[in-house]
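For reference, the structure I am asking about is given below.
Letters A, B, C, D and E mark the chains as written, and numbering starts fresh at 1 in each.
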Amino acid sequence: MNISHEGKQGLDIQKKIKEKKEKRKLLKQTEKVVPIFLFLCALFSVIATLGIVFTLLKEAITFFSAVPMKEFFFNNTWSPWSGEFGVIPLISGTLLITCIAIVVALPLGIAAAIFLSEYASDKTRRIIKPTLEVLAGIPTVVYGFFALTFITPLFEKIIPELPIFNALSAGIVVGVMIIPMIASLSEDAMNAVPNSLREGALAMGATRFEVATKVVLPAAFSGVVASIVLAVSRAIGETMIVTIAAGQTPNLTFNPTESIQTLTAFIVQGAKGDTTYGSTIYYSIYAVGITLFVFTLLMNFLSQYIVRKYREEY
Amino acid sequence: MLQKQQEKWQKRVTKRVWLNKVFHSLFFAATTVGLIFLALLLYRILTQGISYLDLDFLQGFPAPYPEEAGILAGLVGSLYIITIVAIFAIVIGVSTALYLEEYAKKNRFTRFIQSNIQNLAGVPSIVFGLLGLTLFVYILHLGYSLLAGGLTMSLLVLPIIVVASQESIRAVPNFLKEASYGMGATKWQTIVRVVLPAALPGIITGSILALSRAIGETAPLLVVGAAAAIYTLPDSLLGSYTAMPIQIYSWISRPQEEWPLVAAAGIIVLLVVLLLMNTIAVLIRNKFKKRY
Amino acid sequence: MSIFTKAVIQDTEPVQTNKQSHVFEISDLNLWYGEDQALKDINMDIAQNEITAIIGPSGCGKSTFIKTLNRMVEMIPTVKTSGTIKYNDRNIFDPKFAVEDLRTQVGMVFQKPNPFPKTIYENIAYGPKIHGIKKKQDLDEIVEKSLKDAAIWNEVKDRLHENAYGLSGGQQQRLCIARCLAIEPDVILMDEPTSALDPISTLKLEELVQNLKQKYSIVIVTHNMQQAARVSDKTAFFLNGELIEYSNTNKLFSNPNDKRTEDYITGRFG
Amino acid sequence: MSIFTKAVIQDTEPVQTNKQSHVFEISDLNLWYGEDQALKDINMDIAQNEITAIIGPSGCGKSTFIKTLNRMVEMIPTVKTSGTIKYNDRNIFDPKFAVEDLRTQVGMVFQKPNPFPKTIYENIAYGPKIHGIKKKQDLDEIVEKSLKDAAIWNEVKDRLHENAYGLSGGQQQRLCIARCLAIEPDVILMDEPTSALDPISTLKLEELVQNLKQKYSIVIVTHNMQQAARVSDKTAFFLNGELIEYSNTNKLFSNPNDKRTEDYITGRFG
Amino acid sequence: ACGQGEEDANTDAGDTNTEDQSNGDNGNSEEKVSGTINLAGSSTVFPIMEYVTYEYNKVQPDVNTPLESIGSGGGFKRSTKGEIDFSNASRPIQEEEIEIAKENGIELLEVELAYDGLSVVVSQQNDFLENVTIEQLRDIFIAERGNKLWSDVNPEWPKKEIKIFSPGHDSGTFDYFNEVVLEENPMREGEGVTLSEDDNLLVRGIQNDPYAIGFFGYAYYAANEDSLKVLGIDNGNGPIKPTFETIQDGSYEPLGRPLFTYINAKSLEEKKEVQNFTEFLLTNAGAASEHVGYVALPEEEYQSQLAELKARYQ
């Protein structure tokens, strides 16, 4: 440094900095160590996923060496204590719940999204949207309680023979739980549709409804579909509501007034102590678990694929 | 022709405008369904639970009699759990986010980690329970302990924290980083002194939301063995424990008439805790509302 | 140093507003965004089958004014208006006059081309469809006619079922005009339709506007005075929400009445 | 119609670059963003204790150039450079020359004021702190001195512990300069430091820059030719990534060598 | 029905209590201990143990007594590996389980706690069942007989699906029922059958469903007398309902049975708190059993068992 700071009196800061610099090897070390530490943390999330896949696979493989895959996926009786491991009734139970939930949540969620994004004033939206999102934050054990002690007794007045554990109330409550997912994410997607498109349509004499259904919804399609797929995935994986309110009866049925058992509810039943570590039934939990995992993983891939592939460009 | 067409269209306008009105009402009605449900749920639980909710309930342990049952063990257990989650998941989650946003090159491996985290966020909680059961309870021999429960929950909420932190780190404007680098600051100095403070509100908000998820989750804890009947507070990390949702679940399970009321009282406590946490999150968000 | 010299001397007829038939008659129009007044006591008639240009510096209320004519301005919730606007002798603020109806007859083209993210065909068919025309044959006919009228048919006829976003900016803007023509409005409002376009597309579009005049009444907002001089029959000069001067284009550019108009067109501000 | 007449005739000394000592000596500098070349064969020396202005139309590479001087441009991962830049006879691209060191000696002020969301005091103390100065007394001294040098001390001395975002734009920009001065760099790079400011703040800042010249070498990018003419000793004119002309400011504005320079400073393009 | 019995038993217990205190000066009941005692197993025994641990905690607040209801089998799975100190059971330990325990170097000490009458129950809403014969139970429960409707078992009964709510296969109650009633013929599973270790879930499932049937320990019936109807069992000598008397005098057969807990010998010998709790348990088991609806053993039984256990550590 060949510049003299004649004009600068008092502290010569650059000189001070230089002095300090010598002593500050630690900083250099930090600079090298930190990225490694952070990388390891990031790696951890990968390990967590691999851990899930690994544990599920390991135990499931033990299971499949005792019970052939063919029987597991194609036999339609699930009576694990009698040695019949046909997962179809559990899958049908899961699908039944998911279907009921979607029948509830899809129209309500999309309608709410349209209302919020196309009709509501800013102020209304700012109040209603977070309130609706509260629904998503309520613990599922609370929903289960509500389904069992309120919804089912309510329906019993209409359908007198409705058993206390039934797919109907559980499915409906799961549906309500996923409304905010659909509504909120779809609303985000619709909100991202530029206003100029709305103006374009309105200026041609279109009504709000026509704008919503013929312009905004198609333009936000991929976001809306992705939100639905995510909601479906959530419904498939929902555990407590179905454990509490849908029963533990592995029926192969699509009758919503019957008691059924879902994949998740069986895992709870199995893992809670109904089975013994090391028994075939114990391993069957993991076979069921991996089935569930694959289902939801596919759903997630699907939603990511939809978002990537059909990303809207305006 | 033009004139005629215009007239025809004018007639249709009335119908279309009417249709619009009908759907406006329908959409509004649909929106309120969720709200009504919420109101109903809260009302039911409040009216059911309020009679059992008193100081004794807050100080009591689960008891064989409804009048003596209390939530203390669950409340304390849940607080212990989120403490473990806070220590474990927040450190790893924020670090992961920092790595992805600040250090990672945009290559395949990074994208792999990224999509991994996204997928992890979509894995049902019960599957995390299975992971915890094998990994923590059996392989690491932690048994049905507080630590096993806390670690399981940490894995469960990790993706939430990562994603929220990533978003708020990404939202730190580049010009702040430039200002810091421009003064000769190193990367880590810039991160510690500029990026993290600016991203902190978002990170805290995300973490609190993650913690509230950890407080409300039931299924994984059922699997990794939180006990239902326990009359002492956990004495160590390896001790047995219970959590609020587990207690609530065990009360829900009992068929005699009084127990749903006890369960409702427990739910009120759980919801109040959640409400408190969310209020804190909102307060933090408002307090640190971005000014740049 | 006027740059408008060429355009100015073509035509010398005097202002004829009184004798013509008008599509719009605007009286005492005031408009507020919340507390801020954006339009002040506008009185103005807009002639049929003519091109009326609106000029003025940024923020003077041009867009606000033109959007009031088809009531699009009401999309902003804080807007309040007073005064009357008569469209073919009907008050457009009359509650019995549905906005949808008004907008069917008063089309609009925006500053930034805004085709729907659909095929070219679907873009044009959108208007007729919402008005209940469903027959494929009718629609085909309308699509072809509109695209031809908008002078873009030749460029797109082989790719009608491709996405409209594949078109260039100028083509998109003409597509938007075609979309507007498909419902055969009486009036077309254009808010700086060329500001996002390159010079060549701009010229093409100006030509098109000139041709459309035969069938439609056109109101065009522009920040480009040369453009106003080139294409319009009448010009209105706005300043700070007031209508300062309104007369035949030639008159206004060659011999403005108002000092402020003169200052503006000679480039002294704006 | 030159608007620079006033500034131009004050001083008539010839270009003296060769005789002066230089803080930067730039030879054959090329820079690419991915495939796009943004700087082409730049050769240029920057004199000590002078103000060097960089002018040119938008996108010509001014910001790129100035950011290369303290290697901030490398924050964009696709950037590639060739050539050498010597800072006080050390090649800044030398791997042994830590960027942190370079940036400690070559400070930078940005287009948009970018104070940290901290108190005024903390903003100034940031630099010294990261370089290991921790003593409260030292820091206090530095803060006061820097704020005084940046001519903002009087305005903020009573609110040192309030958030910097409470300041006006012009104050924020001077705060950023003070922050830069706090580590007493040799050179200060400024990228359009007044473009976000009102005229009065701009004048204040120009004055400040003039004063800083005694202690610092300053490189200032500006799109405002009057500003370049007012404040700088030398001016470099960039066009499309090339250095077209570089000479004493008076010379460049009164008697440019290159036709393109002339076209630009007379407002024919840009 | 057993209210009087309860009072009698209480006085009994009271007497012994004083007795115990007088001769138990060397006993540890006053001394404060701390530590953790793990209890798990039978859901039938759960109410007794819940009551005892709860009361114990009032005396010894520093002893942690986590108690899990995972079925007798589940309890043995863990106790034979030495994971728990007390393994509750509603059936005696089996040979194989003793084998496993031996392999792991574990010794389990059997303690009899009470008598139970395994109760077969239907809903109060059921109007066609009061009593059943053992043969009818076999018709209902055995898979091979293939009866899915009530009318298949008895043409006079309604043409409705039989809904079975049974304890799971890890359950001692199931084992007992399986052995004594079904004679090891596989029970129905899958469609229409809910198996659960959680007796409360069984109660709930049966409560409001006139066509449901199930079985579990008497205590669960006693706690839900309002909504459940216990069936008289006809073993050829006319129907007998389980009551305090019929269980005590052994006339409720073949479904009367003892309830146990198995203590890990090593824990008992080495852990002060286990010794302390064992003494508390055996002094209060009678009262606890009667309190939750079972029949206490004669007081001497508790005393002699306690004496035997004490001998191991004194």
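Just so it is clear, a residue touches a chain if its C-beta (ideal position, glycine included) is under 8 Å from a C-beta of that chain, and two chains touch if they have at least 3 such contacts.
The structure displayed is predicted, hence computed values, not measured ones.
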item: Shared chain contacts [chain B and chain D, defined touch]; value: A
item: Starting at chain A, fewest touch steps before arriving at chain C; value: 1
item: Of A-B and A-E, whichever chain pair has more C-beta contact pairs; value: A-B
item: Chain B and chain C, separation of their C-alpha mean positions in angstrom; value: 52
item: Mean-CA-position distance for chain E and chain B (Å); value: 39
item: Centre-of-Cα separation between chain E and chain D, whole angstrom; value: 86
item: Intercentroid distance (Cα basis), chain D paired with chain C, Å; value: 46
item: Where chain E touches two or more other chains, by residue; value: 68-69, 201, 204, 207
item: For chain C, residues contacting two or more additional chains; value: 100-101, 104-105, 130-131, 183
item: Junction residues of chain B - those touching two or more other chains; value: 13, 16-17, 186, 189
item: Touching pairs among all chains present in the structure; value: A-B, A-C, A-D, A-E, B-C, B-D, B-E
item: Residues on chain E engaged by chain B in the complex (per definition of touch); value: 36, 38, 46-47, 50-51, 53-54, 57, 61-69, 83, 198, 200-201, 203-204, 207, 223-224, 227, 292
item: Residue ranges of chain A touching chain D (in the complex, touch as defined); value: 1-3, 5, 7-8, 10-14, 16-17, 20-21, 23-24
item: Chain C-touching residues of chain B, taken from the complex the two chains share; value: 2, 5-6, 8-10, 12-14, 16-17
item: List of chain A residues in touch with chain C within their complex; value: 121-122, 194, 196-197, 199-207, 210, 214-215, 218-219, 312-314
item: Chain A-touching residues of chain C, taken from the complex the two chains share; value: 70, 72, 75, 77, 99-105, 107-108, 110, 112, 114-118, 126-127, 129-131, 165, 176, 179-180, 183
